[in-house]
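Two complexes, one shared chain (chain A), two partners (chain B, chain C).
The block that comes next holds the complex of A and B.
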C-alpha cells in the first residue's frame, strides 16, 4: 500500500478512536461467548464469521498502527499492518455482519461489535473498496436530495394510480387526495419506500384513521448508513428532517424499515417533531379506536419476526405483538424471542448485495426458528427482513407466507 | 416505443422490492457498451424519482419514460 494512502487510512482510524471504541477494543478477552450468538456463525461455523473473528481484523490493525507494542513487537498479539489482504478481510468482516447486535446481548462486557466494524467500513470507503451497490445507492439518494425538484413530477405521476387502489380498498366515493403530498401543517409526514406496497397499505390505514397526513418525496432507507459513510448518512437523513421542518409537521412516521426508524429516533439529536414507527402508529390508532380490525380473523398459525433494528436496537416489542394478538387466532412466539431473537441475516444493507447463497446459509437459524413454531404465516415490520425471509423461504422450501405488519392490518381493517 | 429507440437490452423488474430495481439496472448498465440503451420495466412507483436520481449520480441518461397501465418503462442510455 502506498505511504500516502496508508497515512490517510490511519487518519480515518484515528478519527474513530473514541472513548467507547477504545473501551471495546481494549476490553475484549476473546472469550468466544459471542460465537454461538451470531446467525452467520450458526450457518457458516468459521471464525471469520464470528463477532470476535470480525472485530479481530480491526483490532489487529489498530494495534499495529496505534500501539507502541504493536509497532515494536507485532508478533505479540498478531498486530497486522494495513495492506491489500487486510482490506479484503475488512470487507468480508464488515459486510458479513448485519449489525443486529445479538452478540452484544451475550458479551459479558457488552461490546458493540458493529460499532468496531464501523472502522472497517470507513476504511473501505477511504480505500475505495466499499461495496459498489451500497455506494451507488447512497450516491443516488444524495442526488435525489440535491435535485428533488427535478424528480417531483415523475413521482407525482404515479400517485394517482395508488390513490385509486386506496379508494378501492376503502370503498370510498372519490380517490382525490387520498395520498396527499406537500401538505403544509399536516400532523404526520409519512416516509415510505420505493415499492407501492410500502405506500398503499399505510395510506389505507391513515385514511381509515382519518389522519391529517402527507407523504414524503423521499425513501426512508438510508444507504449511507449501510455503507458506513457518516457524511452521506447525515445528508440522506437530513432530506426528511428538512422536509418535515418545511411542512411544519408534528410527527414523522417511518415505514417498516428498522434502520430508517433508528436513525431519526436515536442518532440525529433533538428534532422538532416526534419520530414514530408505523407499527407504533397502528398500535396507537387501535388503542384510540380510530381503526378497527377483524379480531381473530387469521386462523392459520402465525408468528412474528422482530426486526433487530426495531426490536433489540429500538425497543419496539409490544406494539407489533398487541396488533397481531388482535388479528391472529393462533399466534406463536418464536424461541428465543424479543431481544434474544435470531437475526434473519438480511440487515445492514446485505439484501442489496449480490450474496444470496451466503444469506441463505446465514438464514439457517431463522429457518430453524420458523420451523419450530409450525407457523404458516411469518410477519415482520421491516422491508429488509421481509426480503430476506422470502429468500430463506425459497432457499429452504419453507411452506410459509411472509407478510408485513401493515399489509396484514390493511387487509383486515373493518371499513 | 422500442421502434423509435433502438433497445439493446430489456429487463423485467416488475414486482421487485426496494432497492433491487436500481441495483439490477446499475449492474446491467455496467455490463453494456457506451451508447447502448436499456429498457427497464418496473412496477415500483419510487423508480420515477429513483431512476432519474441514479442516472444523474452515475452519469447516465434516461432518454424516455413510458407509463403503462400497471408499470413503467425507462429507456436508459449508457453515457460512460
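The block that comes next holds the complex of A and C.
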C-alpha cells in the first residue's frame, strides 16, 4: 500500500478511536462465547463470520498501527499492517455484519462488535472499496437534503394519489389533507420510506386516531449509517431533525425501520422532540382507545420477528406483542426470542446489496425459527426485515405470508 | 553469577515490573481519558435492574457465560474469586491487616486451595484455547499470559503448600521484612530467604509474576478494569 494512502487510512482509524472504541478494542479476551452467536455463522460456519473473528480483523490493524506493543512485538499480538489483503478481510467482515448486536448479548463484557466494525467501514470508504450501492444511496440522500425544494412538488403529486387510497380505506367523503405536509406545530412528524406502503398504512392509522400529524419530505432510512460514513449519517439524520425543528413538532414518529429509529432515538444525543417508533405509537393509540382493531381477527397461526434495532437495541419488545395479541387468535413466539432473537440477515443495508445467495444462506437461522413455530404469517416492524424475510421465504420455499405490523393493523382497523 | 541473577529477579526486576505495570496502566487510562466521548448511547435492552446493580451482576455473576457454558462459567467464577483471595493473601504477606483477619486465618488465605483452584482454572483456560474453535481466535499473547500465570501460580502455590504441610519454609515475618524493604525503597534480601530450601522456587515465582505484571497493561488483562466500563455502556 502506498505510504500516502496508509497515512490517510491511519488518520481515519484515529478519527474513530473514541473512548468506547478503546474500551471495546482493549477488553475482548477472545473467550469465544460470542463465536456462534451470529446468524451468518449459523448459516456459513466460518471463523470469518464469527463476531470475534470479524472484530479481530480490525483489532489486529489497530494494534499494528496504534500500539507500541504492536509495533515492537507484532507476533505476540498478531498485529497486522493494513494492506490489500487486510482491506479485503475488512470488507468481508464489515459487510457480512448486519449490525444486529446479537453477539453483544453473548459477550460477557457487552462489547459492541458492530461499533468496532465502524473502523472497517470508514477505512473501506477511505480506500474506495465500500459497496457502491450503499455509497450511491447515501449520496442521493445527501443530495436530496441539499436541494429538497426541487423534490417537493413531485413528492406532493405522489402523495395526492396516496390520499385517495387512504380515503378509500377509511370510507371518508374527501381525500383533502389526509396526508398533511409542512404543517406547522403539528403534534407528530411522521417519517416514512420511499415505498407508498410505508406511508399509506400509517396514514390510515393516524387519520383513524385523529392525530394532528404531518408527513416528512424525507425518507427515514439512513444509508450513511449503513455505508459507515459518520458525516453522511449525521447529515442524513439532520435533514429530519432540522425539518422537525422548523415545523415545531412535539414528536417524530419513525416508520417501520429499525436503524432509522435507533439513530435519532439513541445516537444523535439530546433532541428537542420525542422520538417514537410507529409500533409504539400504534400501541399508544390502542391503549388510549383512539383506534380499535378487530380482536382475534387473524385465525391463522402468526409469529413476530423482533427487528434487532427495535428490540434488543431499542427496547421495543412488548408493544408489538400486545398489538398482535389483540389481532391474532393464535400467536406463537419464536425461540429464542426478544434480545436473543436471531437476526434475519437483512439489516445493516445488506438487503440493498447484490448478495441474495449469501442472505439466503445466512437467513437459515431465521428460517429454522419460523419453521419451528408452524406460523403461517410472519410479522415484523422493519422494512429491511420484511424484505429479507421475503427473500428467506422464497429462498427456502416457506409457506408463510410476511406482513408489516402497520399493514396488519391498518387492514384490521375498526372504522 | 547466579547470586546476581537471583538478586536481579528479587529486587531490581520487581521494581521494573511494578513501574512498567503502574506506568502502563496510567498510560492506558490517560489514553482513554483523553479520547473523545460520543454523544449517543450504545446501550442494549432489556434492562431489568438499575444500572449499577446490573453492571455488578454482569461483572461478578457473569450470567452470559452461565447461559452459554456452565463449565466455563464455573472456572471463570472460581478463578476470579480465588484471584481476589490471592491479592488479599499477598497483602497479608506485606503486613498485618486487622480488617482482613475478621475471620482469623493463617497467611495465606484458603489453606492452600486458592492456589490449586487458580492453577486448575488457568490450565482449563489454557487447554480450552487449544480446542476448536477457540484455537482459531487465540493469539500468542493469549497463551503467553496464561503460561506465565500458571508458572507463577505453580511455584507460589508449591511454597505455600510446603510451608503448611512440610514445615521447612521461611516464615512470614521474613517475607514481610523483604517486601516491606522493597516498598520502603531500601531493599533487603534476608539471609533466611536466600538460603531457604525454596529460594529457587521463590525466584521463579517472582520471575513469572514480574513478567506477568509487565505484560498486564499491554494486553487483554485490562479487561479487569475496562469490563466495568463496557458493561456500563451496555446499560447506558
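Please note the rule applied: the second predicted complex is superposed on the first by the 415 of 415 C-alpha atoms of A that agree within 3 Å, B and C clash if a C-alpha of one lies under 4 Å from a C-alpha of the other, contacts with A are read in each partner's own complex, and residues count from 1 in each chain.
To be clear about the criterion, a residue touches a chain if its C-beta (ideal position, glycine included) is under 8 Å from a C-beta of that chain, and two chains touch if they have at least 3 such contacts.
Keep in mind the model is a prediction, meaning the values are calculated, not measured.
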| item | value |
| --- | --- |
| Partner chain(s) touched by A:32 [first = chain B, second = chain C, both, neither] | second |
| Partner chain in contact with A:139 - chain B first, chain C second, else both or neither | first |
| Touched partner set for A:267, first chain B, second chain C, both or neither | second |
| Partner chain in contact with A:196 - chain B first, chain C second, else both or neither | first |
| Touching partner for A:110 - first (chain B), second (chain C), both, neither | second |
| Of chain B and chain C, the chain that contacts the larger number of chain A residues | C |
| Which superposed partner A:52 touches (first chain B, second chain C, both, neither) | second |
| Partner chain(s) touched by A:335 [first = chain B, second = chain C, both, neither] | neither |
| Contacts of A:147 with chain B and chain C, given as first, second, both or neither | first |
| Set of chain A residues, in rising order, touched by both chain B and chain C | none |
| Touch list for chain A against partner chain C, complex | 17-24, 26-33, 35, 47, 50, 52-53, 56, 67-69, 75-78, 101, 104-112, 115, 266-269, 311-315, 317, 338-339 |
| Chain B - residues contacting chain A, complex | 17-23, 26-27, 43-50, 52-54, 56-58, 65, 67, 70, 72 |
| Sites on chain C touched by chain A in the complex | 28, 31-33, 35-47, 58, 62, 64-65, 67-69, 72, 76, 133-134, 136-142, 144, 218-220, 222-223, 226-227, 229-231, 233-235 |
| In the complex, chain A residues that touch chain B | 133, 136-137, 139-144, 147-148, 150-152, 154-155, 157-159, 161-162, 192-199, 217, 219, 221, 223, 352, 354, 383, 386-387 |
